[in-house]
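Note that the chains are named A, B and C in the order they appear, and that numbering of residues resets to 1 at the start of each chain.
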């Protein structure tokens, strides 16, 4: 769900930077108020943990495909919404810089889509309220699944809105939405279950690590009516989502969608083609020669544009080589 | 030796401590350490060695009894003064080295104590020199080898010029060469050293006094040569003779 | 190499290059961050049909790659990551937008094709710009630059800590996964029954590590109240030549954005 820079217009990117920035500013204020010096190292190490744990492939029973951990929900269940949100920003920033997973300009969007909903809605509304009436493994599972589904739905919806607002795609809103939402419903379910499994384990081993659970009253909460309703809702969603899940064995939502659209997984062109592309780039042989064949036809702007591109590129390359040539002689 | 010889010392009297109320890790410990002493604390896994060291630097302050470091009682308000005098080297170097470069990590403590940048640099250089790793100054901490990491973590505490050095299992994860190097470096220091380890050969090489702990109590306190050769005493407390005293045949015959 | 090992490998590679002493490396990180963001901003602001204007922006990565002799091969992987996403977003354009914009030879070119192409180019250029930044600038220096933009110290400190422990935890996770795989032959991922315990144990160990890190900080005088506890590697002083670099690219990129250089040069050539 990481958005690339090319998918956002500057205005959209700026707006989302402002929104995410405001949420970050508020979180920093809150974390400072807590005045807990330990928060900083815990945020740092847990950020690194989420980064690594998101790379573990969890096999989804009966499908042969795999899902991943939901970072936002996980972090806020451990650190609370504010510290969790800040940690997610750190994780997303490092992903974007080191692995080009998400763009630099689109970081504001990505923080909003992936961290804000998960941490603020997931932790503040869902987790906190549900944990008020006592904690149990069933509750943790229900909350995790519900939280992941809701936050992923909102995240996917935001991706759609941001892309459309940026004027990037001609896809009509309805098509785009009806394409994104079901996929992320399935992903949300799987991520929710995996996250639930981990949180349940932590709850059994070291319950004091979970946020919003007071250490003293760790007694098994009885199944309240509300929890039952929520679990039922989650199960309904599960069955619904199960259909789309069972139909396919996709590695990751967006990639799977692409597979559907292009008929090719991950656009694997083979190393050879990429090497060739690299060689082409190095030699800067820019365009096939057919562009020149009809040079006296009504080529108009398109032809002069291409000619210009070629000329400018040639000049650039020439200048660079000259520059390097002289620099080396000077040394 | 100068006049103020006796100001470097630690005293524990009747110290009892447990992480949870009904489970005491240390029971009624009374000990004292003086200047220039080289003390090894030995005991099987879970005997309470690390906990004892952590109490000395005030990582837990809710113990019973009293601990005084250079006549300063170990309590919350006094922690920053105490920690200026004691350096603690963690078992896991990766926890100790959290800054990205060796320089920044060694500079962390002096900077926190508000020294000027020139003074910080001087201290860092001296600390690195003391463990012979000046060449690692600008390297990234996570790219160091196990031996280099250990030396770098020792440098991080030397930059505060402590009087006392505590080490938790320093020889774990060191290859023989690095281990020998570490022994040499440690033996070159004049500090009061307290080393907790179950590597008895290492203790034999670095310490003159040994304190044997089991189930949270001091079992024996005496010269290293005496305790570390006492096969019965060691075995009854879950330890074994240092390898050098076992002899080859006993390894095969047992 | 699996995903985890590959991530460690990539990080090491990038760090080696960023720690090198190339000319681009010695420029102040602040300037590089400014120019990179400026470039990306200008690039994505092109209209979806303005393909020749956009192509002009290619001068920046082209020149930087050539002058500073930066290996191109590695960033192919990064391009591969984003292309599918862009294809997904743009694939419908040629089908839905059939306005004829012009012709290439005797083929007519529809708006959809052009907008799809600009989308791909934008993706390519922005990824290249990000790559040029990270391949020449270490994370510590970028964090130093972020501090200069007044990013709060708590956030910057945390980012540095995350970065510090990522490679450690990646390696640890990899060991756990290998241990799992050795005893579960034929399984691609982690089986359902181990979902919670495998990642959960890793999590508990990480928490313990965080505890140790915190203790180690406390023992060296850190109490969280002092904002400047974490100092970052001193930023290199900007030389006059660096200011010229900043100014030239700053204005140069902006002129490329507003002046259709390629079309002008081309029309000169075609007429002459």
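In this section, contacts are C-beta pairs under 8 Å (C-beta built on N, C-alpha and C of every residue); 3 or more make two chains touch, one makes a residue touch a chain.
Nothing here was measured: the structure is a model prediction, and the numbers come from that model.
Novice: If we look at chain A and chain B, which chains touch each of them?
Specialist: Both chain A and chain B are touched by C, going by the contact rule given at the top.
Novice: Looking across all chain pairs, point out the one with the most C-beta pairs in contact.
Specialist: Answer by contact count: the chains A-C.
Novice: Indicate the whole-number Å distance between the mean C-alpha point of chain B and the mean C-alpha point of chain C.
Specialist: So the centre of chain B lies 43 Å away from the centre of chain C.
Novice: Could you tell me the distance, in whole angstrom, between the mean C-alpha positions of chain A and chain C?
Specialist: Distance between chain centres, rounded to whole Å: 15 Å.
Novice: Specify, in ascending order, the residues of chain A that touch 2 or more different other chains.
Specialist: 41, 44 - these are the residues of chain A that touch more than one other chain.
Novice: At which residue positions does chain B touch at least two other chains?
Specialist: 98
Novice: Which residues belonging to chain C are in contact with no fewer than two other chains?
Specialist: Expected reply: 139, 160-161, 163-165, 168, 209, 213, 217-218, 222-223.
Novice: Touching residues of chain C toward chain B in the complex: what are they?
Specialist: 15, 139-140, 160-161, 163-165, 167-168, 209, 212-213, 215-223, 226, 228-233
Novice: Show which residues of chain A lie in contact with chain C when the two form their complex.
Specialist: 2-10, 13, 24, 28, 31-32, 35-49, 51-53, 55-61, 64, 66, 69, 78, 86-87, 89-91, 93-94, 96-101, 103-105, 163, 167-171, 175, 193-194, 197-202, 205-206, 209, 254-255, 257-258, 261-262, 266-267, 274, 277-278, 281-282, 284, 290-291, 293-295, 297-309, 311-313, 316-317, 319-321, 323-324
Novice: In their shared complex, at which residues does chain C touch chain A?
Specialist: Touch residues, chain C against chain A: 3-4, 7, 10-11, 14, 36-37, 40-41, 43-45, 48, 51-52, 55-56, 58-59, 62-63, 66-67, 69, 72-73, 75-76, 78, 80-93, 95-97, 102-106, 109, 112, 115, 119-120, 122-123, 126-127, 129-131, 133-134, 139, 142, 152, 154-155, 157-166, 168-170, 172-173, 177, 187-192, 195-204, 206-207, 209-210, 213-214, 217-218, 222-225, 261-267, 269-270.
Novice: Can you tell me which positions in chain B touch chain C when the two form their complex?
Specialist: Spelled out, the residues of chain B in touch with chain C are 54, 57, 59, 79-80, 83-84, 87-88, 90, 92, 94-96, 98-101, 103-104, 107-109, 111-113, 140-142, 156-157, 160.
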